[in-house]
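Naming follows writing order (A, B, C, D and E), and every chain is counted from residue 1.
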Amino acid sequence: MTLGFYPGCSLKGSSREYAESVLAVVKAFNIQIQEIDDWNCCGATAAHSLNKELSLALPARVLSLAEKQGLKEIVVPCAACYARLSMTQHELLKNPELKTRIAEINNLEYNGTVSILNVIQMLDRYVTPNLESRVVKPFGHKVACYYGCYLVRPHEILNFDRVEEPLSMDTLMAKTGATPIDWAFKTECCGASLSISRTSSVGRLSGKIVGDASDRGAEAIIVACPMCQSNLDMRRKEINSYLGKRIDIPVLYITQAIGLAIGLDRKALGLQRHFVKVKV
Amino acid sequence: MAEFEPKIVAFVCNWCTYAGADLTGTSRIKYASNVRIVRFPCTGRIDYMLLLKAFDEGADGIIVSGCHPNDCHYTSGNFHARRRWMAFRSLCDFIGIDTRRIKFSWVSAAEGAKWADIVNTTVASVRELGPYDEYKKVAKKPVKEESHG
Amino acid sequence: MAKIGVFICHCGENISATVDCAKVAEVVGKYDGVAISLDYKYMCSDPGQNLIKKAIVEKGLTGVVVASCSPRMHEPTFRKACAEAGLNPYMCEMANLREHCSWVHEKGEATTQKAIDLVRTIVEKVKHNQSLDAIKVPVTKTALVIGGGIAGIQASLDIANSGHKVILIEKDPSIGGHMSQLSETFPTLDCSQCILTPRMVEVAQHPNITLYTYAELESIDGFIGNFKVKIRKKAKSIDEKICTGCGLCTTKCPNKKNPSEFNEGLGNRTAIYVPFPQAVPNKPVIDKALCTYYTKGKCKICEKFCPAHAIRFDQEDEIIEVPVGAIVLATGFAVKKTDFFPEYGYGRHPDIITGLQFERLASASGPTLGEIRRPSDGKIPETIVFVACAGSRDEAKGIPYCSKICCMYTAKHAMLYQHKVHGGKSYVFYMDIRAGGKMYDEFVRRAIEEDGVNYIRGRVSRVYEKNGKLIVKGADTLLGAMPVEIEADMVVLATAGVANEGAEELAQKLHVSYDPYHFFAEAHPKLKPVETNTAGIFLAGACQAPRDIPESVAMASGAAAKVAGLFSQDELTREPLIAVVNRQAPPVFSSCVGCFLCMSACPYHAIEKEEIKNRQGEVLKTVAKVNPGLCQGCGTCVAFCRTKSIDIQGYTHEEVYSEVMALLND
Amino acid sequence: MNIERRLVRKDSLEKLFDILRQNKKTVFAPVMKNGKASFKPVGSFSSIAEDYIQTTQSSKEVIFPRVEKFLDYEKNGKEVSIKGFDYQSVTETVLWGVRPCDTIGFGTLNSIFNWDFKDEIFNARLSKTIILSFSCNKSDDYCFCTSVGGNPGSTAGSDILFTKLGADGDYLAEVVTEKGQAIVALASELFEKTESVEKEKFLANVPVKFNQEEIRKKLEKFFKSSQWVEQSLKCLGCGACAFVCPTCACFDIQDDAHGKIGSRMRCWDSCGYSQFTVHTSGHNPRSVQSQRWRQRIMHKFSYMPERLSVYGCTGCGRCSRACPADMNILEHLISIQEVKI
Amino acid sequence: MDDLRKRAKELIDTSAVKVVIGYEQGTGNKTRALFVENSEVADKLIFDSRCVQNLAAYVTKQEVKSKGKMAITATLPVMRAIIQLASEFQVNDDNLIVIGITPESKIIDFKNLEEVETYVHQFQIEIDARNREILDKLDKMTPSERWKFWIDELSPCFKCYACRAACPMCYCSRCTVDFNRPQWIPVSSNELGNLEWHFMRAMHLTGRCVDCDACANACPLAIPINLLTKKMIEDAKSDFGGYQPSLKGENLLSTFKPDDKENFIQ
């Protein structure tokens, strides 16, 4: 079976290394993957706060395309995209009238046959079973797994991991040889929606996250969301200035961490693209 | 020609739907007068053969209704009934009995308006289907000498 | 030949406004078997009822049809009237012309025709009705009360005081339940032990009460008035008759470091122990799971020191069987432990405790002798945070209901804290304050206004430890969801009240139904709050839903009143609308073939096997038999029976069949 | 009357059929369905089955239907009006393709329905029925007509008996009755004069297996034999044997009530059923299968010859073919003959 | 076959049972039930692919049962029937021994019914390809077409009840059709009477039918009535996850799950 791939805007721009590492890991495990042809914006933030029909029509179009292209399962690495697509799937299947309406708008039917996976679900399904045997360079560091807001909420729709104290990334990282730490900020807000408009807020919100991880001895922060990554990484100057000290623990995508553990090339994983130098 | 007035027989449980239909009355909600209710202690008591009997005797549509799941006065009669209906419906369908003429529903003692709605929609849909001649032809009741009114 | 009287009621104008009652009476009067048919303005009035009675006597009626309102309204009225005139009450049926006809249809011929159809249907039914007699079942006038908390205690005392025998069983070594753990009680702040202990002693001394502590229900058989219960008396490993309760053994036991259940793990107890000083009975038991002798094979220090020589290491569980007529379930509830809450650190931090643990801290008999001290280091907390609705009203946690008692005890806790720690700062995070009850809201206002407890309306998203402090993160929704962070020394979670572990199994054992949260289900949420669906089994206290003390006590008295009512007569009278399996002359005996599918379908376990034997005692046939004490008359068995051997009185095959025939054939 | 012998060309049969239809007669003839031949009203000659030894059911249904409505009633208030059997509804019917072992059965039924009470409905149907039978040129292991007084070319009970003269031959028509002559008159050109034909050589060979007179005598003292239990152990208690039998005539009177209206009818019954002749009291005079089996044999081979002077078996073998448990009446009769009392 | 005869003799000679129910050569190419009560008769026992009558119908027959403990030669459908009968308290280890016969005609000695159950549970009840094809064809028809199909197919039925008699599950001493107060099923073998009789029979067999085809084989008029029960087996599979006869005594229709399908209920 071929796995569909929906990169979304981040993975094509500011977070290219996420796409690179996802594809590198997927390739290493011989998984057939195919980017959805002619995909469009998932409508995160802007659309869903302005116009409900638009916010559903955008992701619905992506799902329709995937369905038409014969894809049964798609992986959506960006947590925001994942949430939007999943929400749309939920709304459309719950409400046949709405489904008809959206199909009219898009001039495309969607029958609800596509199953949507976030990156962790994808890894769990296709990588985890063979992961331990593939580890060549155990990721021997204390890591803080940071889930952010979108990956686990709302629970009743995504039905993925525990909403307050998720553990899936921790379990996965333990398999690479890392030691996940117990910490308090796994699902706290990083301030992404204010990243441009009020950078100081990001400094405060992300600062607490990085600060707590560092205080509890983490040597790396592991994420599965491009917004989380860019905030914790790119805004490190503001973070450090909020904390009043210099913290240089790197922020890695989970696919990068896995890639390192199974001995993939650092460049193929895009590690050179980070602001905080990845020394692990 | 006058509009076809279907005969609808309703088999309902005493505790939920019968009481629900009482509430429809108490609330003075109007509905089609084509329906005739037969009261049972529980949907679990309703013998599927009675549904066939109703068709034998000339019913054009049937409503079967009881307490919502978990609300059964007798805790599980409706759960048993539900399984039985499922099997009954499959068999009806397989034998070619028009299952569109049999409406199953849950109407609680508080759902007076729902009862009126169930009756009205059933009457309307059966009216559209027309008299159940297919079954009546087979049932071939003895013919009455002269007909009233 | 049937002689049926039909009485059409106008119900003032409620029926006659849309139904031509005179025409109904006229048409129906011509039907075969109808001896009299008339209409009248108010059938339920005295003159109306007299019309019926007169007709029964004068015409020798064999059946009566009253066509008026819903039978759910006046069936008892008219059946009683018939009985008074000498007609078997079950020969009277009602046609529902008001709720099902006149009120829901417009005036017109179709409506009158429907009324005629409805009456004809019931006339045909009555032709097939049979005279029925009420069922009488003998009653054993002893009650079993399961659970020795305040509800069980109250129920036992009330039943005992009404002159009936009670057997009270409690699974712990002492009665008292959760109430004995409490410090003070809202809204009066009287000491819980002080008001409870006298009741406990009264139970122990009451001549009508037999108390078995450290005992559990093993199995149950039978039905209302006639239960047979087996009780497992767990081995206490002491001879209760000899033990004087001096307590020397508990001081000598070397196995001391066991978390005390009574103190919610905040203190220790020995392996041979009395759970708390005021325990009833005040005699120790040996905890076999902990005792060094039982686990390792040697010790017996207690035996050496016991001045009365009352230790019995070879004692075994004893099972006794007793007949009882009624059962009161008062098994209480449990609270979620702190390990249920990932956002509050999964119970990993010792200073995040439950409300019940706080009760022990605040109790003068508790591990800190009533001083509020941190379990971790014994320090007095300067800042304390109470979190209400910890788990309750949280669908994501699987507990969508309100635990009801937390608002009040949280206010009490905060108040007690303020009384005990002068200058301390206390915060309460709440969703809503639910203080409905006599003097309840005043109590909460007092905590806020007089004792200066800081109430913050919002939920706590996370509690985590940092630099020896507990950081409580939440939001103040009254300040526009402003984030709040409090550095606390101690956090008290008002954790959700939940059903006891094992409640589900107990319910299944007793055939009592339970809700999705495993609380026992009452027979009717409003009108039968202390009854269960199983006749003769009643509910008291928090086993049905979270309840506070006054409610538990009231419910217990209610259940006791039901039991006393049941015991007030030597025989129990029940409506005969139950299922029966036919019996025929030999050699058939019954058309039942004994497949017993009915047995697996019956929700009340009312179907039994009956062996039909010849005079030599050989079994000729095994057939089903309905226990009239257990059958509630749902008729599920009837629809299952392939041989049509079970029928249900009041809704027999012939009755319902003739209804359908009559409906569609005028 | 004397039997007239005529020759009917093989392709004239269809013409005869068409003439019967043109004369507004209902024609019942064997039709194949699911591999079983049975009598059905037939509209065209081509749908008549050819290759069958015996129909599953006998043709008695045409004269003694499985459900015969006697009357309709209607209650009007306290009055009841009754509409009796409509004799006009009995129309001229032709039974086509009946075997001699079937036609002989009509005589038996006639005795049953007229021995004391004259069953007018039965008689009306019988008198309106013309029986065109065909002799057997094939038989199987189940056939034993010759043991019970019949033979594959017997004219008893027929109005006209046709015998096929060779595999591809023409037909010998033996016109037995006036009813038969009336048919000939309708299509006289089809019934040619013929020389004497030796029809016996074209008939199936059915050997005699037992002596029914001997059996009748044996049965007089056989009531308490253990044979009944032994033979009937595998009997499952259905009614197939009775329902396919050309002479079984037991029936039950049933009401079909629908409120004010209803009807009364006669429905076939079978002594195989456990509920056969159960009394209202619950008493069952034949409570076990062996007693019911005994009733079946005794009735046919003892009681009927005694009371009606006819045997209740024509040797058609239908019951054995239809039996789901393979009870073979011929085998059982032989073993009765062989058992020493 | 020798194994079978040996086993039967052994059971009779050791008085382990009073009667062994098996097959013997019948008329022509037919086989039929044989009741072995002494060891000489055992030599008449046969077994081959023609032996399809479901002998389990005899274990509830009063005259057979009253002989004492029975043994039965049982193919898979017969074993299924035995387990179903045991779950309905009609037979038990005290009155019945099962001599199992595999599809390869090998004898299996079962110690008790529990072992029979374990054996039976290895095989799901599956509709054969030929009937599946007919069912598929019927499924594709409109309800009206199916109605016509059944009215026509059932029209020859003259209610001889051979189907009932041959069915091991129809052991009731009073069938619903024999019940006349009220008359649930019209006595007439007219269109309605036939339809209702077969409808009711299929309902009564829902969750109980062992798919042995005894009913259809017994029908003297070759009506494919087993399609009704086969369809109910199919639907039980899709609606309730199927069933297996089980000594636990839980029947498909006398039990339920709170989350059973109810998409047809409004």
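What we mean here is this: a residue touches a chain if its C-beta (ideal position, glycine included) is under 8 Å from a C-beta of that chain, and two chains touch if they have at least 3 such contacts.
All values derive from a computational prediction rather than experimental measurement.
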Both chain B and chain C are touched by which chains?
D, E
Pieces of the assembly without chain B, by contact
one piece
The larger set of C-beta contacts, choosing between C-E and B-E, lies at B-E
From chain A, which chain is the farthest off, judged by mean CA positions?
D
Going by C-alpha centres, which chain is most central here?
B
CA centroid of chain A to CA centroid of chain B, Å:
53
Chain-centre distance (mean CA atoms) for chain B and chain D, in whole Å, is 46
Round to the nearest whole Å and give the separation of the Cα centres of chain A and chain E.
59
Chain centre separation (chain D, chain E; CA means) in Å
32
Listed in rising order, chain C residues that touch 2 or more other chains are 588, 601, 640, 653, 657, 661, 664-666
Multi-chain contact sites of chain D, meaning residues that touch two or more partners:
256-261
In chain B, residues with contacts to at least two other chains:
48, 53, 57, 76, 80, 84
Please list each pair of chains that are touching.
A-C, B-C, B-D, B-E, C-D, C-E, D-E
Which positions of chain C touch chain B when the two form their complex?
70-73, 96, 98-101, 103-106, 110-111, 114, 117-118, 121, 513, 533, 577, 601, 603-604, 632-636, 638-640, 648, 650-651, 653, 656-657, 659-661, 663-666
Help me check something: in the complex, which residues belonging to chain A touch chain C?
155-156, 162-165, 182-184, 188, 212, 215
Listed in rising order, chain D residues that touch chain B in their complex are 72, 74, 81, 83, 256, 258-263
Going by the contact rule set out above, which residues of chain E touch chain D in the complex?
26-28, 30-35, 53, 57-58, 61-64, 156, 158-162, 164-166, 173-174, 178, 183, 186-190, 214, 217-224
Which of the residues in chain D end up touching chain E in this complex?
33-36, 38, 56-57, 66-67, 140-142, 229, 232-234, 236-240, 242-244, 252, 254, 256-257, 265, 267-268, 270, 273-275, 288-290, 320-322, 324-326, 328, 331
